[in-house]
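Remarks on the structure that follows.
Letters A, B, C and D mark the chains as written, and numbering starts fresh at 1 in each.
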Amino acid sequence: MAYLESFSYQLAQTLIVVVIAPLLLGWVNQCRAWLQNRSGAGVLQPYRVLAKLFQKDVVLAHGASPLFRFSPYLQFGCMVLVASIVPVIETNLLFAPAADVIALVGIFALARIFSALAAMDVGTAFGSLGARREMLVASLSEPALLMVFFTPLLIVQSSSLNTIVDTLAHREFALYPSLAFSAVAFTMVLLAENARIPIDNPATHLELTMIHEALILEYSGRHLALIEWATAVKLTVYCALGIALFAPWGMAQAGQWQLVPVAVMVLALKLALAGAGLALLETLSAKMRIFRAPEFLGMAFLLAVLGMLIYLLLGA
Amino acid sequence: MPAVTASPLEVVLGIVLFWLAIGLAGLLRPQRPEFLGRLLYPLGAAGGIVLAVVGVASIALPWKAMVLPLGLPDLPFHVRLDGLSAFFLLLLGGASAGISCYAAGYFADVKQSGWGLTCLQYHWFLASMTMVLIADDAYLFMVAWESMALASYFLVTTDHKIPEIRSAGFLYLLIAHVGAIGILLCFGVMRGEGGEYTFDFMRRADLPLFWGSVAYLLALFGFGAKAGLLPMHVWLPEAHPAAPSPVSALMSGVMLKTAIYGLLRVTFDLLPFQIWWWGVIALAFGLITALFGVMFAAVQTDMKRLLAYSSIENIGIIVAGVGLAIIFHVYDNPRLAALAFVATLYHCINHACFKSLLFLSTGSVLHATRERNLGRLGGLIRNMPWVAALSLVGTLAIAGVPPLNGFVSEWLLLQAFLFSPGLPNPYLNMLVPVSTAALVLAAALSGYVMVKFYGVIFLGLRREERLIEAHDAGRWERAGLAWLAVGCVALGIFPVAIIHMLDAVTLPFVNYAIGENPGAAGWLLIAPIAAERASYGPLLFLMGVVGAVLLTFLTVRWVYHGRLRRSDPWDCGFPEQNARMQDTAEGFGQPIKQIFEPFFRIRRHLPSPFDAKPSYSAIAEDRLWYWLYVPVARANEKMASVIGMLQRGRIHVYLLYSFATLIVLLMFVR
Amino acid sequence: MNEIALVLVAPLVGGLVLAFSGGWTRAALINVLFSLLTFVFSALLTARVIEEGPITGFDALFFVDPFNVFLVALTAFVAFTTALFSRPYMLNEQQRGKLTARMMRLYHSMYQMFVFTMLLALLTNNMGVLWVAMEAATLTTVLLVSLYRTPASIEAAWKYFILCGVGIAQALFGTILLYFAAEKVLGAGGTALLWTQLNAVKGSLEPTVLSLAFVFLLVGYGTKVGLVPLHNWLPDAHAEGPTPISAVLSGLLLNVALYAVVRCKVLVDGALGTRFAGDLMIGFGLLSVIVAAFFLSRQKDVKRLFAYSSIEHMGLMTFAFGMGGPVATFAALLHMTVHSLTKSAIFFAVGHAAQKSGTQMMDQIRGLVITNPTIGWGLMLGSLAILGMPPFGVFASEFLILSTAMREVPWATPILLLALGVAFAAIFGKVQPMVFGETSLPRLPHPPALMPVFVHLGLVLMLGLFIPPYLAEWYRQAAALIG
Amino acid sequence: MPISAQLINLMAALLLLIAFAMLSQRRIRSLIYLFGWQGAVLAANCVIVAWSTGQGHLYYSAALTLVLKVIVLPLILLYLIRRLNVQWDVETLINIPTTMLFGIVLVVFAFNLSLPISQLAGTITRSTLGIAMAIVLLSFLMMLTRRKAVPQVIGFLAMENGLFFAATSTTYGMPMVVELGIALDVLIGVLILGIFFFQVRGAFDSLDLRHMEKLKED
């Protein structure tokens, strides 16, 4: 019975995250439009794009190997998996024990490696260029992300997301300067990982500057759709992670389903704020040269380690 | 059936003899590749499987010792089989089974004379490694250890007509020998006053603190030289590419682990005590080595060199694990000590699997294309689907992504790091975050390296026309690759069983078994500390991924049409796209070279604006070679020339020497 | 006792016979036969010693104890195998017109006389006769070193003669002092120089005289052992003489000289009761090891190279004897055995290699393993053995020596470590390109006799893995004797 | 002090004198004569010791010395230098006074080295050991300073004489078998050297040792 219950929660949450992901993307773009005094395409635009892409034929390059066609499904699958691990509404996730934060980073790595390999598969100059840059950014942001996780991990003395969020959400309030450091670092990592300004510009197709777009240059039709969707889910999950780690208040605890509606409300609010904030950040900052990226990420890495050190020094 | 009644130890000795016999049989008909390939090597592989079985069977048994009727008069050969040996025997047997199976195909297809001798050296190599693992006295250990080095040296110099290979072999044997002398001195110290050479005596001997530390440092030096720990790593990227691929696989996958075995044996078993800074030294050297290795791997253009540097990286990670285990053990925190220990061993066997797999696949590529330079490969996934698929498994495993085995050991190690705070020593607590960062960075960069490795070799367009003729690996080679790939997957999916096995190994040394702690949730999840603290369920994970992917796939298929048409890749309006426009290996490594510039010694050759045929080259070299090895060589020459002055050919001077000697000694008597 | 007589008579007669018939083409065969005879007799002697233990003969003028019995057997054996090797080798030399029939006669008879002198030196109980035999050994070999009559060989022989002669003269002075001290205890006359007698009363010999005597003896016999800085004759003589002679010089003569030194050390230790002699030997040993190691890396001539390696190993043995104690002495004795076997085997292989390529310059010898695999592998395995690679016996002794030194004289181990490392780099770095790599060389008129090489290496291999019990027993007793 | 002891000391002094003379002698021919005289003195000394101590076997060794070192060896040497016709050639020594001075120092060194020992010498010829050692060292020095082959050999033989002197005067001679052996060795040695001179001359057409410095580390 309990299993069935938690299974339903699991399913519900995963579905919610996957479904609202494009919405968040749309919302971010809309906010950016407003901030740039444009009347945007509306928050539902991403759904339309996805629908259109699913309609279209797939145009496959000559000599694209099965790996190329398999990759989008894997990326999407991985993101779904992530969505079912990160607690956003309540913390009694059935699947969570299967993977803690370290495994979470692992999943991201899996998806990324496949996308990079697929990009190299066709053998265009841009594909390999994108793969190289993507892997470069990732190889620096991934450790930063882990270090970001380590501070709350040390505080809670656990690496399972359920426990972390439970403890952080339902303990008496205390100030953690170390967490502040991690939060900043996390934001920087979020920008890098989701191919946002200042690392990458999701809106550009100027080959010399693009990273993520270069990766998926060869994709079309349903493959492209899946990838875009996966990207959206990734962004959402990241935001959810940030919320879960640094602002988990109002999340429902194991088994309190009467609190779920509240939790949903709170979540929506937080996501909206996060999206707006993201848009603001992107508008204020400018894209940097590709070789400034290591410095940016190195900064994030440093901040995360500092947070950890501070925790160990001050115990707070 | 004596084999049934025989004790595991006797079986192991039997396999050693069996391998030696196979090797000698190779000399019978050295010019018949198929005789070697179809008969001897498969037999050797069978021996490996038996060895692995024995390892599994005896890993939990109490230790057994025997005395052989060989050796020095007062020092017959002692052999002993305990958990640690059994585990490494399992590693050796498992990996060598796959490799021998592959070698069966490899040596049979590559037509060259002298394979008979190679067969002898190959099996002699296997046998000596086995003896290293079961040796129970200093003399037998040293004999086995040096014969191992010797056999591998001869294997490395199989193509001795190529000068580079000769010098590589020379460097290898030299460093191996110097390291061996270090180990010998370490044993000389541990004999203590009693003057006994058996390990039993050393276990019981009580050493003063100072001599204990001397012994440990000598051991770290000696075994580090074999394992490729900085700064004794220089032989590794030279020797591994030089050797035939099965041999590189054996050396990198198994031989390096014997060094780890020796280090563990000396540190945790033979030395009566440990000191916390021993652990710190191991940790520091390990992490530096790991970062160094992965950085250099990223800029390599020779696929086997790349893998060799990645071996250096993995060895670094393993040694760091050893250091962590020592630290926890000293501050008796048995739970974490056990965790670190298990993580170390786990990474050993993982590395054995995926590194052997990758070296073998490079062997197939080399064999099919006669090409080791990444700059001239590419697109092989179309010609060699089997090799491509199997080595993809290895690539993902070594990149440390779930649910494959590379991730499990990294996960365990990170757990150990993660829960290390709370040590009574504040400096160590400061050290932990930094070292964690280093470890994580190394792991992430290895992902970069592996994408480069796989992408440049197998994906994209063929960089050379003749790559079209490349054929896929033969049946035996495939079987060998598949065996190792299965190993990677199994180790990744069923960690719980493996960890239970490893507990039997670590229990005697750290008195704790992380397998049966409260809250370890069944066979599905591994929860080394406690389920609510940290847990990882690779099988669930795999099911999740597969489920999600299938679900997506089916839904997409069900909801929408599957229409698809082929066309040229988009060329951004530039029609003459060709294979040369893809990233070369240099290109792919260039960002790393730029970011970590100070660590390399880069020799650039830039074209001038007026070059008719402009050429660009940037060679990244090892600074340590110029800082450490070249000066030593120079000093040696200088010293030699100074001493050479002694002998100027004048007989009067010689007479003067003896006259002076006489006078001085006479004064000495007064 | 009759065995002793036989062992001594066989080579003596052989020398006389060959002095007249040595020019024939069959002479090489006769040489082999007499060597075989000597070997058989020594085997009989050994067998008898295994049965009855130590024996003396001719009212104690000769004696066989655990210390010299295995050396006698070893000497006879190596002399025999060297004779086997020298047959085709010297015939090749003769065919190439480097040697005339007269030279061959000289060579063969002197070969036998040389063996005789060494056996005499080993078997005699009389320190004076020991000296005479050592001097005679020099005299018999000096003309062999200059056999080729080339300026270089004559120069080498001259240096050999003068340096060893002067050295041995010091040894005579030492012997006189020894006698001077002894006759006070034992009274004048023949018995006062008998080692057994001296050993019995060594406690009551006059310390000051003996310490003085030991200095002269060490300088004297040390010159023949090749201890630095008295070693200068050794590389020249080895490089310029015919290869069989280099083999017996390195493999046997140096051993015998060291044997003499150790015999003296026993007496001196007994008389002084201090570590005086031991420390001197440790000093000389270390100096020889390190200096020889650095010389190694400068060599161009292959025989010179291995001559220096002999100096290094002699230094190692001297060092070990100097340390004393059961383990170290045991190791030193073992090292004596395996070194002479291995080194002579190497010289056999080197001889053929040099003959094939018509030069001793290492940079002109290439790819032996291709043109003549047996020579190539013989040289490779021999060098690895001499470098102390297990499972060869040299490793066993070095293992014992080093690990003992780590406890007895820790300050010396870094020097040894350095020396061994340098020596390894030098020798292996030069041997590898000779054995491996490309080449184009002609075949030889007479097929090389490589049986000796592999027999020697086989024995060395066996000694690394298993030492026959009675041999071990001799080593132990000798170690107890030497202390 | 008995007359015999005085005589022996006289002989010892003579030997030392001859040793110095040889050290400073340029002419090869005269060197050989000096060597002969040294042998004669040795023989005489040997006889005196034998007569004074009644050691019968010393007469034999005296005879041996007389034959070998006074007659045979000098004759061989003279024959050699005539055949090689180097009998007139003259050696340029490095600065004789310095050599002499160094010789003196050596003698002093040898004396006080042998002082404690000659205390315990029971023989009537106790103080001669120092002189014997001095002669050995002086001959050694002579070999160091000579450029040509023949003089070097003569130095070598002179060293042999010194040893013999030590043997007779300190210990009344070695056992006979040893004496014979030594004598034999010396004889053979000289013969071989004779052969050698011809080889050397044949190879370098000169007996100058400066030609023999080819074998070296370079």
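Heads up, the rule we're going with is that a contact is a pair of C-beta atoms (placed from the backbone, for glycine too) under 8 Å apart; a residue touches a chain by one contact, two chains touch by 3 or more.
Bear in mind the structure is a predicted one, so any value in this text is a computation, not a measurement.
**Student:** Have a look and report which chain pair racks up the highest count of C-beta pairs in contact.
**Tutor:** Chains A-B share more contact pairs than any other pair.
**Student:** Name the most central chain, where centre means the mean of Cα atoms.
**Tutor:** Taking the mean of C-alpha atoms per chain, the most central one is B.
**Student:** If you average the CA coordinates per chain, which chain's centre is most distant from that of chain C?
**Tutor:** Taking each chain's C-alpha mean as its centre, the farthest from chain C is A.
**Student:** Need the CA-centroid distance for the pair chain A / chain B, whole Å please.
**Tutor:** Using C-alpha averages as centres, the distance is 36 Å.
**Student:** Which integer distance in Å separates the CA centroid of chain A from that of chain D?
**Tutor:** That gives a centre separation of 102 Å.
**Student:** What whole-number Å value describes the gap between the mean CA coordinates of chain B and chain D?
**Tutor:** 70
**Student:** Approximately how many whole Å separate the CA-defined centres of chain A and chain C?
**Tutor:** Their C-alpha centroids are separated by 79 Å.
**Student:** Multi-chain contacts only, two chains or more: what residues does chain D have there?
**Tutor:** Each of 113, 140, 143, 212-215, 217 in chain D touches at least two other chains.
**Student:** At which residue positions does chain C touch at least two other chains?
**Tutor:** If we look for residues of chain C contacting two or more partner chains, we find 158-159, 162, 166, 170, 212, 295, 298.
**Student:** Enumerate the residues of chain A that touch no fewer than two other chains.
**Tutor:** none
**Student:** Touching pairs of chains, which are they?
**Tutor:** Going through each pair of chains, those in contact are A-B, B-C, B-D, C-D.
**Student:** Spell out the part of chain B that touches chain C in their complex, as residue ranges.
**Tutor:** 69-73, 138-139, 142-143, 146-147, 150, 157, 160-161, 163, 166, 169-170, 173-174, 177-178, 181-182, 184-185, 187-189, 191, 193, 195, 197, 636-637, 639-641, 643-644, 646-647, 651, 654-655, 657-658, 661-662, 665-666, 668-669
**Student:** Under the definition above, what is the set of chain D residues touching chain C in their complex?
**Tutor:** 55, 113, 116-117, 120-122, 129, 133, 136, 140, 143, 149, 152, 156, 159-160, 163, 166-167, 170-172, 174-178, 181-182, 184-185, 188-189, 192-193, 195-196, 199-200, 202-204, 211-215, 217
**Student:** State the interface residues of chain B toward chain D in the complex, per the touch definition above.
**Tutor:** For chain B paired with chain D, touching residues are 644-652, 655-656, 659, 662-663, 666, 669-670.
**Student:** Over in the complex, which chain A residues touch chain B? Could you list them?
**Tutor:** 54-55, 57-63, 65, 67, 73-74, 76-78, 80-81, 84, 95, 97-100, 102-103, 106-107, 109-110, 112-113, 116-117, 120-129, 131-133, 135-136, 138-140, 142-143, 146-147, 150, 153-154, 157-160, 162-163, 207, 217-218, 221-222, 226, 291, 294, 301, 305, 308-309, 312
**Student:** Quick check on the complex: what are the chain C residues that touch chain B?
**Tutor:** 158-159, 162-163, 166-167, 170, 211-212, 215-216, 218-219, 223, 229-230, 232-233, 235, 280, 291, 294-295, 297-298, 327, 367, 369, 384, 387, 389-391, 395-396, 399-400, 402-407, 413, 417, 420-422, 424-425, 428-429, 432-433, 436-438, 464-467, 469, 472, 475-476
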